[in-house]
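Chain naming follows the written order as A, B, C, D and E, and within any one chain the residues start at number 1.
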């Protein structure tokens, strides 16, 4: 479970409700001030309708899938990927590329993209074509991912827009009926109702759409780093590079702390050149 | 028919009208509050006039065409295109490129861009020139499409601008005549009328222009994926690549589910390498 | 004359004035409400002063030239350019590149850029240098054009800014003098005057600057397409390509309808390969 | 002196002050309405403090230098640069590249960048390295220039932000003390004071920061064109191109009028090919 | 210590507090007007919760590290780096690349990135691979740095959003309870409380988030220049270029003043060619 997302979500709602209650006279009164059915329809219904117009049905159907991705604790361990690729590189050096087909199926780490890339080099396709094909695969994934957050960006832009539309409707109705309404108290209540749609629109974008879109983008970026790392690693394996050199190369994808941790996990068993390991440890000590 | 667009459009209008009626005292009163002829002229007329100034006539004349494109149910079946290209590749391998001219005309799938690209390789133009020409064709299509949504983007930015202009006019008139107007009730009515133009502007952008522009862009992106797929496929045919390899290459344009579906449709008849088909099935299981 | 621009401009002004008059009590009263000399100075004067500070004098001096460009009916007929280039290609094939120098001067179509490009190949400069030089020429034109709409973009951003500044000045003066002013009627009038500058700023950007800037950009884009077409055509002539093939290549710059029209104009006289002409006719039938 | 900048600056201030005075009852009253010491501290002080936080000290120290650049009348005469480069090309053709070292020091035109570039070819560095080094030099200049206007962009964005902050502080204080304040007159005065900070923020951005930033960018662009022209010219000299051809090439950086003027200044003395000069004169007659 | 950042921060707070106190009747009254616990929870709590939803936990954990980076006086002396690289180049010319491993460890300047790059050329990896690997390293650093300021950008966009949300809640509560509240004084107090959240949101973005994000970006840019300089220098060393030429090349990263200072520090000891040193001194005299 992606706890931080859920905790953030609950915290935001609790804080806003606390604010609503602390400023009102009683809970029931607050409920009646902030819950207004026509406002719900105009703001949420209107924003959703405009999003349905804007976005292909197919993308809307994926909303449950997006939620699953968001809530899944998908801690990406880049170190593990580097280990795996270095292992594959060692195998390939000893026994040839063909043995990777077997190896990739028996590994602990299940990653379809890694498998896909490895099979390309097993199939002995020429290096430049392998790169082109993996890059195209990554581009296509990127395009599909972008469609995911596009839904929330659109909903998040229509939310406040329909909120304002609702407030305008409320204001016009209130102002046009000023003579028939009962004085300034009724005027205040009318204004309050008019503002509820703006409130809903603001809640929709700031507590749902923007955070979801931001987090999907953040997840996407993490995933893309792994994909790029896999591509570089697999292409290095194909060109028969030294596993130790491959490891150093892929270390660029780690921060200094992660590199150090990785080196320590290696323990004393690996026959590393002193200088090189020290270098790995220290490099980028001052890069965030 | 593109039902989701139409349903979204109707839903948005119904919801907004429901909101208008639910807040007023009577339908006729709501009608009189929200319908104001001079406001219609200022907002819609003004926004349209400014768009006429901004955009070449030619682009405005295409509005009915855009509507037809929007309402057309144009479910793009990428799988079908891959099938067709693989078929063409098989033909070309057996009987040479020239036979494609006949083949392309007798196919079920009618796609002018595919025909255009195929004819280029039938005409035995050299590969780098074919790529350059298809890319130029795609660029030109892209430019023409961009002119389509530009109309709605411009109209959508002038809508609220003229809405605000109208509200300013209303406010200035109202405030300047405060002494001659009949008290706060008249003031309220004046304000209501002034706000109607802002309301119109907001309706224009959020319920018409933005959704239309968004949807045209979404349609364009889908179309561009197909065009790119066709280009890659046709160039692969020209370079005489293995049809099975072409299929794998083009599979990048599919999500995992679509790839799986495509594999199952193939059934047991095709003599596929086990490993390869399984790979196709599983790859990208965790990519949206 | 570019009628749509002028009609749009007049329509926008008529509609706004109609809105002003329809909401007021009398024309003279409306005049006095909306015309305020100090407001004119603050908004238009201020915005123009800030633009003078922002933009080199040279660019401001070109304003009359921009107006001439805007109002000129400059219907670009891409077909005609393609015809001309194909003619030049035929000449060049028969009699060599040198004959183009004569030919270009005796043609109906007078286009300095076409002449410039043709002279480059007549001078027998090597192809890669010709491309580099034409591309540099296009880049320089692009930079100069961008300076044109930059003036209106800047003026259009300072317009509403100085409008708001004027409104702030009006409000502060009004509020500071509340005790000396004569009650709520005077207050209303003060507010009305304060809002006039915001109104002016909004008029400046929405009815002048934004449409002018948009239209200049649209004209620029059309011109760039022609320039690119000329470049591709002239380079094709230099490399001695088949005139028919050049025509097909340049057809990418036309929409389907235009290609069809062009084919029909060719009539039966031209000895075209059936398949090829049909292809030209049908391709892109579903591209806007 | 860059007169237009100074005139624009003075005009904007005079117009705004005229607007302030024309709307008030007396000059002294206007002074007291618009000058409020705490507002000055919050808006200008706050915006400057936030800019100090945002921008390295080094960039702030350059403010006087920026002012000098802004006020310097630095009319760039592109024609003169072309002349000089063509002269250098002629020298180099006759007497070799080494003679340029002497020549460049005795010329009227003093330009360090031109000298820098010329010395690179005098030092007989190979062409591709010369290009790389000049491009790197230009990139570094660009980065340094961007830091200049960044200061004004940041100050210009914090100005209105702190203006609004000040207005919020004023409003909260005023509203919280409504009972102790003396009726609606005092309320009006409180509002007026609150709005003064918004006014200051608007003045800061629209009359100082935005114009300065815009003008620095405009100056930068002009300078970059000259630098690019010098680079192209010097590289052409190194590759031993014909001076006449170099002149034609560099003419791309001129508008049509400037080319014509340049041709006329050449007079009859230069032994130009008729066709070529005419071409130079006419090309781009319709490009702004 | 990065004094300017701290001084700016303190100055901004002092100025805002001065503004708050100067406009109120007494300090205790100001305290009670501007400090409201529920408002704190809604604005800061809400904005932080939404940021927690938007950004991976890992990035939030780095906030103390960002603060340390911000407050660290990290005056980058580009000159020193150039000196060091020129020294390394001289060593390498005399004694070969291998000696650099020892040299780099005994130098005064400790820079992990420089060490990392130097070790790559010591390990005798081929030049094109070295460049690719350093560029990848720089890209990865860039990606990590971008995640740092992304946190503040997100927090800075949610701050005002939740501030407005709080104000809406306050307004709705106030307007809905107009009849039960005690007249216009209570109304004023209610409005004041409602506006406090907007005030908090504005403080959060303008006095914390925006300056922090801006400064992190500025630090990043400075660091990137050094990294690029190191890359160019190390690659020049590997290709065995003349140390003097390397120095001239790297001088592009300095402004004119810095170059001059560097030349003077060299003193008379270095056996420089006259012309070259003079050139170094003068070039770019008119580039900011």
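Here is the rule we use: a residue touches a chain if its C-beta (ideal position, glycine included) is under 8 Å from a C-beta of that chain, and two chains touch if they have at least 3 such contacts.
Being a predicted model, the structure only gives us computed values, none of them experimental.
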Lowest number of touching-chain links that must be crossed from chain B to chain E: 2
Least step count from chain B to chain D, where 1 means the two chains touch: 2
Rotation, 0 to 180 degrees and nearest 5, that superposes chain A on copy chain B via CA atoms: 70
Chain centre separation in whole Å, for chain E relative to chain A (CA means): 25
Gap in Å, rounded to a whole number, between the CA centres of chain C and chain A: 41
Interface hub residues of chain C, defined as touching at least two other chains: none
Traversal of the chain ring from chain C via chain D: C, D, E, A, B
Residues on chain B engaged by chain A in the complex (per definition of touch): 4-5, 7-9, 11-12, 15-16, 18-20, 22-25, 29-30, 32-34, 184-185, 187-189, 191-192, 195-196, 198-199, 202-203, 205-207, 210-212, 214-215, 218, 221-222, 225, 232, 245, 249, 252-253, 255-256, 275-276, 279, 282-288
Contact footprint of chain E on chain D as seen in their complex: 38-39, 41-42, 45-46, 49-57, 62, 65-66, 69, 101, 112-113, 115-116, 119, 125, 133, 136-137, 140-141, 143-145, 148, 154, 157-158, 161-162, 164-166, 168-180, 193, 223
